Amino acid sequence: MNESLLRSLLERLRIGEVSVEAALHELQRPTIADLGFAQVDLDRRERCGFPEVIFGEGKTREWIESVVRRLQQAGQDCLATRLSPAQADYLSSAFPTAEVDRLGRTLWLPSCGPRPALRGKVLVVTAGTGDLPIAREAVTTAKAVGAETDLVADVGVAGIHRVLRQREKLQAADCIIVVAGMDGALPSVVGGLVDAPVIAVPTSIGYGAAFQGVAPLLTMLNCCSANVVVVNIDAGFKAGYVAALIARRAAAAR
Amino acid sequence: MNESLLRSLLERLRIGEVSVEAALHELQRPTIADLGFAQVDLDRRERCGFPEVIFGEGKTREWIESVVRRLQQAGQDCLATRLSPAQADYLSSAFPTAEVDRLGRTLWLPSCGPRPALRGKVLVVTAGTGDLPIAREAVTTAKAVGAETDLVADVGVAGIHRVLRQREKLQAADCIIVVAGMDGALPSVVGGLVDAPVIAVPTSIGYGAAFQGVAPLLTMLNCCSANVVVVNIDAGFKAGYVAALIARRAAAAR
Amino acid sequence: MNESLLRSLLERLRIGEVSVEAALHELQRPTIADLGFAQVDLDRRERCGFPEVIFGEGKTREWIESVVRRLQQAGQDCLATRLSPAQADYLSSAFPTAEVDRLGRTLWLPSCGPRPALRGKVLVVTAGTGDLPIAREAVTTAKAVGAETDLVADVGVAGIHRVLRQREKLQAADCIIVVAGMDGALPSVVGGLVDAPVIAVPTSIGYGAAFQGVAPLLTMLNCCSANVVVVNIDAGFKAGYVAALIARRAAAAR
Amino acid sequence: MNESLLRSLLERLRIGEVSVEAALHELQRPTIADLGFAQVDLDRRERCGFPEVIFGEGKTREWIESVVRRLQQAGQDCLATRLSPAQADYLSSAFPTAEVDRLGRTLWLPSCGPRPALRGKVLVVTAGTGDLPIAREAVTTAKAVGAETDLVADVGVAGIHRVLRQREKLQAADCIIVVAGMDGALPSVVGGLVDAPVIAVPTSIGYGAAFQGVAPLLTMLNCCSANVVVVNIDAGFKAGYVAALIARRAAAAR
Amino acid sequence: MNESLLRSLLERLRIGEVSVEAALHELQRPTIADLGFAQVDLDRRERCGFPEVIFGEGKTREWIESVVRRLQQAGQDCLATRLSPAQADYLSSAFPTAEVDRLGRTLWLPSCGPRPALRGKVLVVTAGTGDLPIAREAVTTAKAVGAETDLVADVGVAGIHRVLRQREKLQAADCIIVVAGMDGALPSVVGGLVDAPVIAVPTSIGYGAAFQGVAPLLTMLNCCSANVVVVNIDAGFKAGYVAALIARRAAAAR
Amino acid sequence: MNESLLRSLLERLRIGEVSVEAALHELQRPTIADLGFAQVDLDRRERCGFPEVIFGEGKTREWIESVVRRLQQAGQDCLATRLSPAQADYLSSAFPTAEVDRLGRTLWLPSCGPRPALRGKVLVVTAGTGDLPIAREAVTTAKAVGAETDLVADVGVAGIHRVLRQREKLQAADCIIVVAGMDGALPSVVGGLVDAPVIAVPTSIGYGAAFQGVAPLLTMLNCCSANVVVVNIDAGFKAGYVAALIARRAAAAR
Amino acid sequence: MNESLLRSLLERLRIGEVSVEAALHELQRPTIADLGFAQVDLDRRERCGFPEVIFGEGKTREWIESVVRRLQQAGQDCLATRLSPAQADYLSSAFPTAEVDRLGRTLWLPSCGPRPALRGKVLVVTAGTGDLPIAREAVTTAKAVGAETDLVADVGVAGIHRVLRQREKLQAADCIIVVAGMDGALPSVVGGLVDAPVIAVPTSIGYGAAFQGVAPLLTMLNCCSANVVVVNIDAGFKAGYVAALIARRAAAAR
Amino acid sequence: MNESLLRSLLERLRIGEVSVEAALHELQRPTIADLGFAQVDLDRRERCGFPEVIFGEGKTREWIESVVRRLQQAGQDCLATRLSPAQADYLSSAFPTAEVDRLGRTLWLPSCGPRPALRGKVLVVTAGTGDLPIAREAVTTAKAVGAETDLVADVGVAGIHRVLRQREKLQAADCIIVVAGMDGALPSVVGGLVDAPVIAVPTSIGYGAAFQGVAPLLTMLNCCSANVVVVNIDAGFKAGYVAALIARRAAAAR
């Protein structure tokens, strides 16, 4: 509760508009739906601009279903990520209107009513074909958060002309997500071609000394282009989320 | 060279406005100052919005001096980072008008003439006092790139009320940089309090299993807040750079 | 054998109350049940306050069954941890009165007779829902060792108000166990809110740079709150064990 | 502010005993001394039972001096750890009444007035002679927090009779700290001899595959004795702190 | 071919006892059975005292079978290790007289004829029950190489009296193998109790920060007892091999 | 497009031989087949001497099939590596004339028409039998790129005479590939016996501290022989590719 | 000794042209200069094409001097690498005619007499200015082994046009060495532009997650371009050595 | 105290030959010299065959001096290892008759009186010249423990004939120590040439991916020769100790 709300509440208490109990209640109002196994943060949309997102790994199908229902009930959008095929099947049946992307491992169930217009351009670029699942997770998330998205696949640096011919698309984006495994070199090149922020996503594609994504993660952290930031290995969700935040803000200016 | 420029050039060649040699020259125009030991990328300001920045480590003082002079000569801003005390002393003498920050290890020598207005709010927050040098590097860089900056030091999560009382400052920022060593937990909390992008900078402050910044780096990569991205250990420069890009774009909208 | 017992034995030998053979036997009394594949330490309850606990991994079902029977026969409590579903099924049949927790992967078969009262409050807190199996292992263990337990799930720091509203529960505990994967940041916050010891348990929940629990382990080892100690990744058992020791001792004072 | 304090404040506001401004002030009262480079947490003693402790590394001597003065001024005890020889010299001059331990790298400057009685027995045990500096840091901290301490040095497991002959001391302690480098095996043995909690401190003593304390850290995390918890490499401070918390609570019962 | 053999051959050539072709053949005599996919080193028994041993992993069943047959044909003992259940089944059928140990994952098929007497005492000790498969591999190997063996299981240091009561057995051995996972602390204690060489075998038993045997490997490499050497994680074979070499030599003296 | 081609194009434009549109098209000619999920680099054969090679992991069978068809259609050779058994089965049916090597996990489908003669000798040597799959991948690749190949298996250094007797073969090769897991010591010996370049391929064969190929990778990077370079763990493809490049060039000289 | 030499020697022995002693001596001829602390391999030039090279680290100045003198005395070229400034000073005085490169840390003292012509083109390319010392070591070595060399500095991928404008130089080389620290991305791009072998040298330039060269090493091992092989971190020597071998062989064809 | 001694003591107590106090004293007799900072294990010579050895790192000069004096006073041999130059200087003055080896970093001060004959042959072999300090530590230790020693330096595998010509020396040894850094490949070759146990000592010689000895450590742990065991990086002491144990026992047989 920020100061102006707090001051107003206390003033209303002083002049008798609210009782001590009511003020106490207000000062301690729960904004959390307690499901026992989970404390669903119903305040997050207001605080952070987007509702809580469900991370599928390590959760039973029933747990996920309950959280989805609770968010629906609260009139909030619902996004779930990293769903196993079994979880995806179960949730598809439970929520027939949800969009389930088996390649990207996501479920998207928007709240009812009209959606705000998509705003700001997020471009997702992959180094290889095998990076597509993570790229799709990023696309789904960025759309859910409210940005326009475009996807360019398989333009790794071993054939540098492939990315160079996408220069106009790159330069038109408000934020670029680069998804790459193995050597993870693509963000370094992309970063040097544009003046927008670039979010690099290392993937676990590769073998041997790729170490399930450690190699591209390190490459990206050491990226020589100054406009490149990094997220966790295979974290398409986080890249899509932040890219949409950035792009939407930038687009508001146009 | 983008398509419209290229089309125009070819058209002018066709109608005889430019010669083959001139067109050839234009198509191959060097935008690089070759100093032998360095290829200074004079095109970067136009391409990426900011000139090449000099990384001090592993370079002789004379090498750095030469690059600074070349950038000056090209009428470009000049920022150098990670300067040793000896490099800083030498460059202070060589460029008496430059701002040298020994704590932040930077040199800043803007080009002559009027500066564009600072635009967009970047807030730099540190978990501890020992994180200040990296925070200072971020502040200097963000200013150089053209954003307003503010700095709040020592609000680590072990005394959670320290950061909670900064909520309004946090919520007013266009982009937040969180600098933390040891457990690196602060970005997770800050990320959950705001709807702006957060850039987390792990520092090498700490001992034992902090492993010179690996511990906070991993914490930050695994951060549960969806709006947090990460840069290299001690990479105050990169955080400041990207934060300013984001903040400037967001501010343009206001 | 401590000095007073030893002195008494020798004195009784000197005055002829015990024979040399009897004294010899007493000085070399086996307190171990040798099962060939295992040396069950029957003295541990007396020495350490709790019988030997069976670690299920890497053992055949028959081996585990034999150790359980031997402990039963010796009139001792029996706790087994990290049981696979197959082991749990087998042991459920073999010991129908045992409590088997498939989520927490434990078996609990108390010795016959009246149980001592539970004493001291252990609070188990998790950052996420996926941390529940480890939390359950901790709860079962702490109860077995003799402490009262309570469990609060899913109050990770990305929604800091979730844990802040549990402050009174936190402040009432004699010892707190915080179970967290991914960024492992929760113990740093909890530690700063209370004056009781906090035991942090990193979990293998997460992906990419979580490295099966290494990331939260490092976070916790570098925790800025001075009252936080750490156990192995996924070691709910050890956390529950030590927390109960601490809480029981503290409670004795009330 | 807990609920009863809050309720009382609101009640007093309602009946006019306090003004809105005063209530507002109270609800937002700063409990932090803002020194610019540091936010000294003056509330920590009340919240956590001990004032904020100063970590010397990465801080200038002047910064440390200022924090010490501010804590003194607030009538609080002051403990500083991991001081370099230069920091120790400077602070010795600045605070002539402080106890400075150069081997343990600590400064201890208690607040004026009578001290509460030491309560609870903390025993610090080292595997080798080289572990003494860390053990001394633990002793100083445990004393500062208010526990009685004893120190037994150089009883590593390669001569197992050395630790076995200390059994009575071990069994009399309320909490035991075991400090060991190299193989880090001592806590496993000590843990099996007692029923008190054991805090294991890995040290960076050793060479080669000791990896600056990683080897004993892993040993201790994998310790087979159920009553052993772990702190960071060389973290004598944290071990002393938690051990004193545990011992004081246990002692209150006697 | 050593010098005396060489000199003799040349002398016989000079005096015409052998032809140039024969000498040439002798100087280049193949001592390898080339199976295409394998070069079976038939000279190893003579050179190293024991024939080549077959490592099962990564080999087809047919490959292993062929090598076993070739060694048989050459009248040599045959030992195969790390066999999968499928490999073990196949080879059991192919070589019905072979001893196959499914727990230890070995096959042992001695050459025909009388065996030399077992000589020298190798004692294999395990810290836990889960270490038994590796211990069995060591026992089988040491016997094959020609030493007497004995096995003591589950005497880990958490109940130190378990190993102390085995002191006489320990002191009677010519070489001791200690097999331990998790904290890997047992060799440090055993090494300090005897004057024989101790070979430590880390196992992959454990979880979390045991890192599949890395933790006990590091413990053992940093072992404070001077008479302890180490082999690879789970390398029961190598420990048994070297222990038998040492014990046989020592026993020759009696 | 290199300068002479560019100059010629511009000259032809100037004199009207080509139109602006045609020149523009030529300057921007796509040399990439865009399949949506992949940008097949049709220019690579011309640029690098060999068409793009398909890496099977992380790709659906349909994706691979499409790329193979597209390369066929472009009249290019097609090599696919690291195929799973399921992928291999599917592609065998789809392309009945392709050579599929299930041990080496490759598919080879040369373009129609006469093949150029194999040129240059690549010798592939393995330390063990388990290294054969990777060796086969190297052989297939080197042949595809156009070199003669020979394979010598199982000549690891533990029986040093096995490799010494291959000296003439070693000395006759234009480039040697050494494939080894476990200790990875063979390249160090081979490198010291020849004056040709040696490419070392670490394999994931081994266990425990072999760490899936990290141990031989490090051995090979630290190889004391000056003529040894290294590729990724299990990267038989890359070794075969580079070896053929080197051998073909060397052979051209004869 | 190969078979034809051996056959000839034996034949000469048979017919009495050589004595048994002489033949024996020949068969056992030492080709090593034993200096006590070093066994200088005088046969290496003949066997491997270049004399033994002296690695300066960990050697006393006197040891190095002795080996240089011994090689000189044997009429062989002498190259020493990784010399400290103190070693370089000492050796400069001891061998005034040697070329000492303090930046590249090398000493080069060719044998007397006419040198063979340099043959084959080795191009050394660096990503940054800080990579120059390692590049210089590579240049010196490649020249010593007998190849022509050229050096292009500071063309990292963050300004991709810098390397693209060097395309003709790149395409003209027989072998390319790419030296890069930080993200190590340059070899991936260079490899895709040429059909010659590329040797990638990671350097320890960078900070934080560059981990003293581990980041670029992993990048390079995972390089997507098929023609790229790797050497140890900072191993300019080895890269220069192999590149010269490759280039000389290729050049022989022209 | 073993059983026969214990039985005899009890019998003498029963018949009155010893008093209860005397028996008690005997059962609890200290065999440790407690110096406060160290518990010198005076029983170790009897128990393990050699007195406690002083590890110099992390100890003050005075501490070391005191332990040396105490061992002298007890009539025991005294060996100290890993002495810094400053420690060595100090101890040279304090104990003028001690043998101090600055290269090997050891001090050796035998007890007075006649020494037992050296027995058993320990051969120490190094791969490079830079491995000599560790080899010297091994030689000094093996001699102190009572074995004959010989040292062969610089016979690494890159010139395989260097080690092959030492075959007779190798085959004559009772135990071989192989000291190697960088690729650590020498033990694999030596192990395959002999039937004696081989102790491999990795050294921190090398750079880059040698990782201060990790590379050769892993090589040696994965050594393909069955008779090779390993000690810690740079642990010449431990290798010398165990080798002497093995060699002395083997020699007793002759």
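Should a chain be cited, it is by its letter among A, B, C, D, E, F, G and H, assigned in written order, with residues numbered from 1 in that chain.
Keep this in mind: contacts are C-beta pairs under 8 Å (C-beta built on N, C-alpha and C of every residue); 3 or more make two chains touch, one makes a residue touch a chain.
Fair warning: this is a prediction, and the values are worked out from it, not measured in the lab.
S.K.: Among the other chains, which touch subunit C and subunit D together?
M.R.: A chain counts here if it touches both subunit C and subunit D, which gives A, B, E, H.
S.K.: Which pair, B-G or B-F, has more C-beta contacts?
M.R.: B-G
S.K.: What whole-Å value do you get for the distance between subunit A and subunit D if each is reduced to the mean of its CA atoms?
M.R.: The separation of the two C-alpha centroids amounts to 41 Å.
S.K.: Using the average of all C-alpha atoms in each chain as its centre, how far is it in Å between subunit D and subunit G?
M.R.: For subunit D versus subunit G, the centre distance works out to 55 Å.
S.K.: Round to the nearest whole Å and give the separation of the Cα centres of subunit B and subunit E.
M.R.: Centre separation, subunit B to subunit E: 59 Å.
S.K.: When you check subunit F against every other chain, which residues touch at least two of them?
M.R.: 3, 28, 44, 128, 158-159, 191-193, 208-210, 214, 217, 221-222, 225-226, 232-233
S.K.: Taking all chains into account, which pairs touch?
M.R.: Listed in label order, the chain pairs in contact are A-B, A-C, A-D, A-F, A-G, B-C, B-D, B-F, B-G, C-D, C-E, C-H, D-E, D-H, E-F, E-G, E-H, F-G, F-H, G-H.
S.K.: If we count contacts the way the header does, which residues on subunit B are in touch with subunit F in the complex?
M.R.: Listed in rising order, the residues are 3, 6-7, 10-11, 13-14, 20, 23-24, 27-28.
S.K.: Using the touch definition up top, name the residues of subunit E that touch subunit D in the complex.
M.R.: These residues of subunit E touch subunit D: 127-128, 156-160, 164, 182-185, 188-189, 191-193, 206, 208-211, 214-216, 218-226.
S.K.: What residues on subunit C touch subunit D, complex-wise?
M.R.: Going through subunit C, the ones touching subunit D are 2-3, 44, 47-50, 53, 167-168, 171, 174, 191-197, 199, 217, 221-222, 225-233, 235, 237-239, 241-242, 245-246, 249-254.
S.K.: Which bits of subunit G are touching subunit H when the two form their complex?
M.R.: 28, 30-32, 36-39, 41, 43-44, 52, 55, 57-59, 63, 82, 202, 204, 212-214, 217, 232-235
S.K.: Note which residues of subunit E are touching subunit C in the complex, please.
M.R.: Contact set of subunit E toward subunit C: 128-130, 132, 153-155, 158-159, 161-162, 165, 205, 207-210.
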